[in-house]
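What follows is subunit A paired twice: with subunit B in the first complex and subunit C in the second.
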Partner chain A sequence: MNKAANNRIPTDWNGAIMQKRIAGRYAAERRFKAMGFVAVALSTLFLAFLLFTMLGQGVRGFQRTEIAVDFDFPTLTSGATAASITGANAEGALNSMDLPGIIELAMSQQYGDKGGELLTSAAVANVRQMLLADPQLISGKQRLWLPVDSRLDVAYKRKGEPAAEKTVETLSQNDVLRTGFNWTFLTGADATDPSAVGIWAAFKGSLMTMAITLLLAFPVGVFAALYLEEYAPKNKLTDMIEVSINNLAAVPSIIFGLLGLAVFLTMFGMPRSSALVGGLTLALMTMPVIVIAGRNAVKSVPPSIREAALGIGASPVQVVFHHVLPLALPGILTGTIIGMARALGETAPLLMIGMRAFIPTAPQGFTDAATALPVQIYLWSDEVNQGFVEKTSAAIIVLLIFLLGMNALAIYLRNRFETRW
Partner chain B sequence: MAETPTHSKISTRNVNVFYGEKKAIDNVSIDVDMDNVTAFIGPSGCGKSTFLRSLNRMNDTIVGARVEGSIFLDGQDIYASSMDVVQLRARVGMVFQKPNPFPKSIYDNVAYGPRIHGLASGKAELDQIVESSLTRAGLWAEVKDRLGDSGTALSGGQQQRLCIARAIAVDPEVILMDEPCSALDPIATARIEELIHDLRGKYAIIIVTHNMQQAARVSQRTAFFHLGNLIEFGETSEIFTNPREDRTKDYITGRYG
Partner chain C sequence: MTGTALLFLVLGLGLVAWIAGRARAAAFVRAAKGGPRGQVNSLPSYHGWFVAICAIIPAVFFMFVWQTISPALVTNTVLASPMTTDLPQDGFARAAILSEARAIAQGFQTTAFQAQSEKLVPLYKNALAYYSWIGMAGTLALLFAGGAFAFTRLKPDFRARNKVEYLVMLALLFASLIAIFTTVGIFASLIFESYQFFSMVSPFEFLIGTNWNPKNIVTPGADNGYGAIPLFWGTIFIGAIIAMLVAIPLGLMSAIFLTQYASSNIRKLMKPILEILAGVPTVVYGYFAALTVAPAIRDFAVMLGVSNAASDNALAAGIVMGVMIIPLVSSMSDDSIAAVPNAMRDGSLAMGATKSETIKKVLLPAALPGVVGGVLLAVSRAIGETMIVVMAAGYTANLTANPFDTITTVTVQIVALLTGDQDFGSPHTLAAFALGLALFITTFLLNYVALRVVKRYREAYE
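On to the complex of A and B.
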């Protein structure tokens, strides 16, 4: 043994120096805890701030101001009956009835010459729906609540233009205004009039785009991950592929948009601003994320499981599909949904392929012109009309709920497929 | 030219195994028969596991591993292109150092092999195979009421017996055991050793072990490896009481290892 070790002075564990060391250690521990607490508190605060401002603004987007309108249907329609607007021909009968004129007339009778201007353009569609839902309305005098024009809407909810404020004041004294739930916002599409806009078209567009993205990026990404991990020989080429995929995941999304524009629109001539092209473009962007998550998940499957399966004569494909894939699935799914959530919030590449068009009707197919939620938010936030402010916030709430739903699904799937060891 | 294979179950002739440039096994020729349990002993890193894994071509999965020479199973060269490696591994089963049951039910663990090889024609036959395999592995009585439970929920010793049941469910001719007891406590080890006794004669068994007492207890024939060479191979009683080589003697008397 060396001499120094034998000649050591016995450690004085209770001495002042030792006590100071102990105190220092405890202090470091407390500092670390405090910093962690501050970090968590700060992020919670930011989140709460975001949610509160969004909710405060957005809730008004789901509300609309309604005005009471008295319809004397028998006189206004010169004797239309409930029977004429029921059954298969109801729509046609209503179309030939000149509803806009009827409403205009009713409004001017009740609120003076310019009464018709109090209503939003969506009011006609509202009356239509009411009549279709309950044809009996047409056979008598009715008081219907219809959405008001955007300027009045803003003035009633908060501060608006002076003229509109004045009108609202007069109307409020007569007790003909009330706040109702804005169904149009959930069922409608984009419009020039903020009180007539709806989020459904953008929501459906996003849904269709996501469907294309998932359908393409998930299988391709999973198979690429499985092949690279389980089959591909380890050489320069696969190393290069690995580096390329990692880089691809970090490429700014607008570049994928340009790629989509050049390849899908210009080269293949696919329909501009369609959910199909949007989905393809986002799939290019999401695939590397899925490949990386998939490879990590596959890598984390213990090699002993592969050996066990090989050892009783499973072929490599059987090893992959019976053992590796099921065990890697929770990780793959989590990665996929994170990638999809990113794609859902992506605006820039969709702008490049023309999904920023004004879309007044929900897309019926994958090749129809469509828009997506984040693009719709971007478009509305650009509008000068005050009424769009709350619609933008409301659209953000819808997008956040969509995201929340996807993350909840991710957690559910992970727990569902997770293997307990 | 390889010599004419003998009537042994497994015979190897002049086998070299390389990992890249490194030679892990040097010129090993050995014959393993059906009636005896054969033990491979030797210090760590001497290549006995490598050699064992080349007997059912598990080394194929290791990048850079290469086998030279001939290995015959029933006179058939297992490295010949006509040999199907999947079938080979069904005929030469393997039990690993660390128990590695699938994270599936006990039943599915045992039934997996018969299922992928199509050995059972129906549910009843599969049930029969599962029961007889678990019985042979000495596990049936302990698990018969909870076949649906996860195989990973069993204790270490039970897991290893489950792995043995899984290996014998495909009715192999040879079972390779790579230090099957090194992760187990003495009681579980004793059970596995008993089991090896019971399985003797039904399967050709080769067991790699670090535990010399274990080799002496379970095997009839012992091969001593050192630095990739087969130093001595013979009757276990002979090796342990009267080794021909000094290196064998030094190892079993604990001079090194």
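On to the complex of A and C.
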């Protein structure tokens, strides 16, 4: 055996075989590195593609096509004056004026018998707002720009139905079409006509739901985190609490929806579709996130702080509420914002508790039927009408901007206030 | 007076109680200075908190109880009046009239659409006023009683701090218990409704049947279309197979590239970008899958010659779901690779192995349990995911392995069963809870095993 070892020829590292082998190994190394790069690049590309698609379509959702309408107000209203629609009675005076009829008449004078069909249903409200903002308009001939019907809107922006394309072509030649900013989209509510829809009602519903969620999940989450980190004795009950929290953090969100349906709606008889029930359900979902973030933040406060406070005679409760909590608060807030951002984008549990209703006006109270922004996106995505495609993407842009803002705030808080002990 | 206004009044009076208690304790402090009785036990503010808590808590508790039970009492009072005898007996029409009358009486609605509800408005107004008056009086009486009781107990040697701290500890404990209540609530409601479901439909049909076409009228012994095997298969096919085929290679390779190869600048840039993928709401992914990915895949399949390619194919939902999971797999792999002791890596590199050989032959085998745990967590996330599949996958139960075909999942069917206009007790609704129970148990087991694997693996190197 020894003899064989002595007779071994030393490896010829410069020989062709070994060089080839090393080259092969280096090639494998490069391939592996390239695979890693491709993986990261693919993920990034997918994100970029998603955002690009949403942005490309969504931008059109913020625009609307407007048509020029010539109003001869003195004739149309048989002599209404600016004075009659100013002051306290302005709304009533406008109501008694039959604006829809006036607009219909003006349209048919200018664009023929079926002229009224060119406009969207939101046009009446638009004229109303214009008149309220500037009553002087009514005392003369005016050219107002009003939003067109959704079919024409789609045809003007890109390819639409052949009939609508033809109408748009004729109108464009007369130079009576233009693109304007769609304020209705930011201030309106859901509607059956895509050019009259807005996200304000859904957004308000989201805000109200989030308010309830924050109000419940934040105190409960912080208290539970403090208890588990600072006071909890080592026993069966504490173990059970910890297991529950870790488990709840991983339960699919749709299960929380089932819980909300069975307990809040059926057992307690709370109002269906309301922001109150939505907020309660999302609070149960967000609470474990806040507890876990809160525990990490409390854990990172060094023991010397506690010992110093105890040493000068503070009680355990005073130690925690006067010293530990203020120091842990930035970390807790960061976790809370991230949890709230997750709740803001959550859809499935809200579907379960009926927040998918058609909401044509913004909810006034926490028990009114409401919907939320992500649910509104889901509802619009289901619509057959082509006009809803860009509205859905536009609503997604608004949602993403808010989520991005919340996450940026969380990162800022973390960098600004986090202390490295 | 509305509930919100009353709540603010209670809180305002609570503030008054706090000020009163604190002032009285401050008077004790002044009197005790130089006096024979020594010092006051607690700081004045603790006396204030004691009085305020004693005043507010019972009052608020009563308020919430009253808010829950008073609607039923109002309805009973209205129904007891002789004017309601001519209401239709049909439950739905009756409820519509009652709720409209109530809405008008509360001022939410101005005009009545049903003639009968107009008559009931004054009745409702009276009943509502009566019960809200009782609620208000009861709340305020409890508030004053509690406040007065606490106020009379204040003495220089009263241990207000200990009492307040005891209550704070109770509040902390109660907050922690909410997690247990929630878990128990989920489990109990799922079990209870599923039990009702299984008393109508045989568990065998549900667990081993292959025909999913739920009928709303159930005949015992017959095939009622509640065989959930196609749903289980669809869930596994989309969530555990297609999504993982995307997420595991991309997530793992991203983690390896970012931790082992990329410079720290690139890492700092790319990690947040991957995290954004996890932060995009699922409804956005779902819309993207349905609008862009699914048609593209269908066209691709048609080009390949697959004739029955569906526009709501399994592949689109699975791929997009996989992309959503990438950050989870990546961060779990990242953690477990980082936990491998440096000595192992250095040893391998010192023996002349290239970086990729070290990763493939040393780091990954050592980190494998952690990676597997991460993948299990990812699977549990994927099978519980709802919006992507609701929007991009189909509603037709289909026992197929063709990724271009339409396929449905457990979560899609829960949504489909619950968004119709069904009674709560109908087999459709109850079936959703049975599916929910199956989902809950599966994800719970997956998470449990995953956490055990990860924990044991961490201990091996510590």
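Things worth noting here:
Convention: the second predicted complex is superposed on the first by the 368 of 421 C-alpha atoms of A that agree within 3 Å, B and C clash if a C-alpha of one lies under 4 Å from a C-alpha of the other, contacts with A are read in each partner's own complex, and residues count from 1 in each chain.
One rule holds in what follows: a contact is a pair of C-beta atoms (placed from the backbone, for glycine too) under 8 Å apart; a residue touches a chain by one contact, two chains touch by 3 or more.
What you are looking at is a predicted structure, and each value in this text was computed from that prediction instead of being measured.
If you put the two complexes together on subunit A, you find that subunit B and subunit C both fit without a clash. Once the two complexes are laid over each other on the shared chain, residue contacts for A:L105 go to neither subunit B nor subunit C. Counting the residues of subunit A touched by each of subunit B and subunit C gives the higher count for C.
When both complexes are overlaid on chain A, the residue A:L248 reaches subunit C alone and has no touch with subunit B.
Touch criterion met: A:S315 reaches subunit B and subunit C at once. Once chain A of one complex is fitted onto chain A of the other, the partner contacts of A:T53 are limited to subunit C, with no touch recorded for subunit B.
With both structures placed on the common chain, the touch criterion links A:K234 to subunit B but leaves subunit C unconnected.
Of the two partner chains placed by the overlay, only subunit C lies in contact with A:N407; subunit B stays clear of it. Residue contacts after overlaying the shared chain place A:A82 against neither subunit B nor subunit C.
Taking all C-alpha atoms of subunit B against all those of subunit C in the superposed arrangement, the shortest distance found is 8 Å. In the superposition on the C-alpha atoms of chain A, the part of subunit A touched by subunit B in one complex and by subunit C in the other spans residues 315.
Interface residues of subunit C, counted against subunit A in their complex, comprise 68, 71, 108, 161, 165, 168-169, 171-180, 182-183, 185-186, 189-190, 192-193, 249-254, 256-258, 260-262, 270, 273-274, 276-277, 279-288, 290-292, 323, 326, 354-357, 359-360, 377, 380-381, 383-387, 390-391, 411, 414-415, 418-419, 424, 432-433, 436, 439-440, 443-444, 447, 451. Touching subunit A in their complex are the following residues of subunit B: 56, 58, 61, 63, 86-90, 93-94, 96, 98, 100-103, 112-113, 116-117, 150, 152, 163, 166-167, 169-170. For subunit A in complex with subunit B, the residues that touch the partner chain are 233-234, 302, 304-315, 318, 322-323, 327, 419-421. Of all residues in subunit A, those touching subunit C in their complex are 25-26, 28-29, 31-33, 35-40, 42-44, 46-47, 50, 53-54, 219-224, 226-228, 231-232, 240-241, 244-248, 250-256, 258-259, 261-263, 266, 268-269, 284, 287-288, 291, 315-317, 321, 341-342, 344-348, 351-352, 356, 364, 374-375, 377-378, 381, 389, 392-393, 396, 399-400, 403, 407.
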